[in-house]
Amino acid sequence: MAVTVRLFAAARSAAGVSETNVEASSLGDILQQLEADFPKLAEVLPKCSYLVNETACNDKAALVSDGSTLDVLPPFAGG
Amino acid sequence: MAVTVRLFAAARSAAGVSETNVEASSLGDILQQLEADFPKLAEVLPKCSYLVNETACNDKAALVSDGSTLDVLPPFAGG
Amino acid sequence: MHVSVTTDPISVAQLSALVQSQVAGAVVTFSGDVRDNDHGRSVASLEYEAHPSAQGILENVAAQIADKFDVELLAVAHRHGPIAIGESALVACVSAKHRGAAFAACSELVDEVKNQIPIWKHQVFADGTEEWVNCA
Amino acid sequence: MHVSVTTDPISVAQLSALVQSQVAGAVVTFSGDVRDNDHGRSVASLEYEAHPSAQGILENVAAQIADKFDVELLAVAHRHGPIAIGESALVACVSAKHRGAAFAACSELVDEVKNQIPIWKHQVFADGTEEWVNCA
């Protein structure tokens, strides 16, 4: 399953890219693959929340369909 | 004891004057005299607070010295 | 700390400029504006009357609030005399490092001004009747 | 109800004009301004980053507050991109018939924006170090 991953703020800074592609089928698998590709993400990902196709999804076992977009959102700091 | 009485807001409206003089020795006596001089004050005075020479005084038995100024303050409505 | 009881127009724009501070991250303002209605009745005009002690009492209230809360700067003004519908009668502005203190201080400042300031409000209604507020 | 997530400058003056109402007796405003210090460290510059969903989420938050409290009008704006020290990052303005509702609604609006809006803050300190706030 090909998933487009969009990285924001501290996650983008840690990875050094704002977008990447991952082959994996569950949210947990995607995150493992991201850490393998970008080791500095290991510090940030445990603090993040996730959107799959613009809907909140924080269950690591959730399956992600082919062609989906995953947004990696570090802790908010608005205001 | 001659006391200068200053009437504000609803008390002035009820009395029709902003200042008057009263001969009396206690706060209670002054208020009785005011009601006698200005019958319409009877409705307002029970709601008022008082300053004697710019200091709060709401004890009817308090003696008021000659030459004092009594301010009659209806309920506040600032803001 | 800016405190005034005045017959001049007052505004949030004017007072909030007096509480700007580069260390303060939060500014909360309140404006109490003259309404065209009160308890369902249409208000035609309105006038506030201030006792001569009002300025001093407003200064005391402002100092109490500045002591109680962790605020940077504080400004408060109460207008008296005739005030047109829609204009401000009371403006309070507070800056603080953190928003919690700014909201709490501004809210309590307004409450205490309303409780303590010797100012009276006279309303004339559209039907020609009138009242001294809180004294009907 | 005015809601915006924008890179343009935002101000209380601009947003409070949008909540004026002759029936509303109380206007409460909040401005969250960029500070020159954070936890005792001197801040040199600062930038906010917004997720594309930020506008929609801010609209939802504003609608929740408008439903919950007895308010007349509400305006809220969050700026992103680089913001100079002293400028506003978040402005919220609420008008209501009564001050209690205006203070409560404005305060809770700001709290909920801070909790819910997907916006991030990047600070560069005077010593050249930098951080993503809440993610250090």
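Per-chain numbering from 1; labels A, B, C and D assigned in written order.
What we mean here is this: a residue touches a chain if its C-beta (ideal position, glycine included) is under 8 Å from a C-beta of that chain, and two chains touch if they have at least 3 such contacts.
Everything numeric in this text was worked out from a predicted model, so none of it was measured.
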Overlaying chain C on chain D by their Cα positions calls for a rotation, in degrees to the nearest 5, of 180
Per the C-alpha means, the centres of chain B and chain C lie apart by a whole-Å value of 27
Chain A and chain C have mean C-alpha positions lying a whole-number Å distance apart equal to 50
CA centroids of chain C and chain D: separation to the nearest Å works out as 24
Chain centres from averaged Cα atoms put chain A and chain B apart, in whole Å, by 75
Check: chain D positions touching at least 2 other chains come out as 32, 110
So the complete set of touching chain pairs is A-D, B-C, C-D
In the complex, the residues of chain C that touch chain D are 12-13, 16, 20, 22-37, 85-86, 97, 99, 102-103, 106-107, 110
Per the touch rule, the chain D residues reaching chain A in their complex are 32, 48-49, 51, 53-54, 78, 89-90, 110, 113-122, 132-135
So, in the complex, the side of chain A touching chain D is made of residues 8-10, 13, 44, 47, 51, 54, 71, 73-79
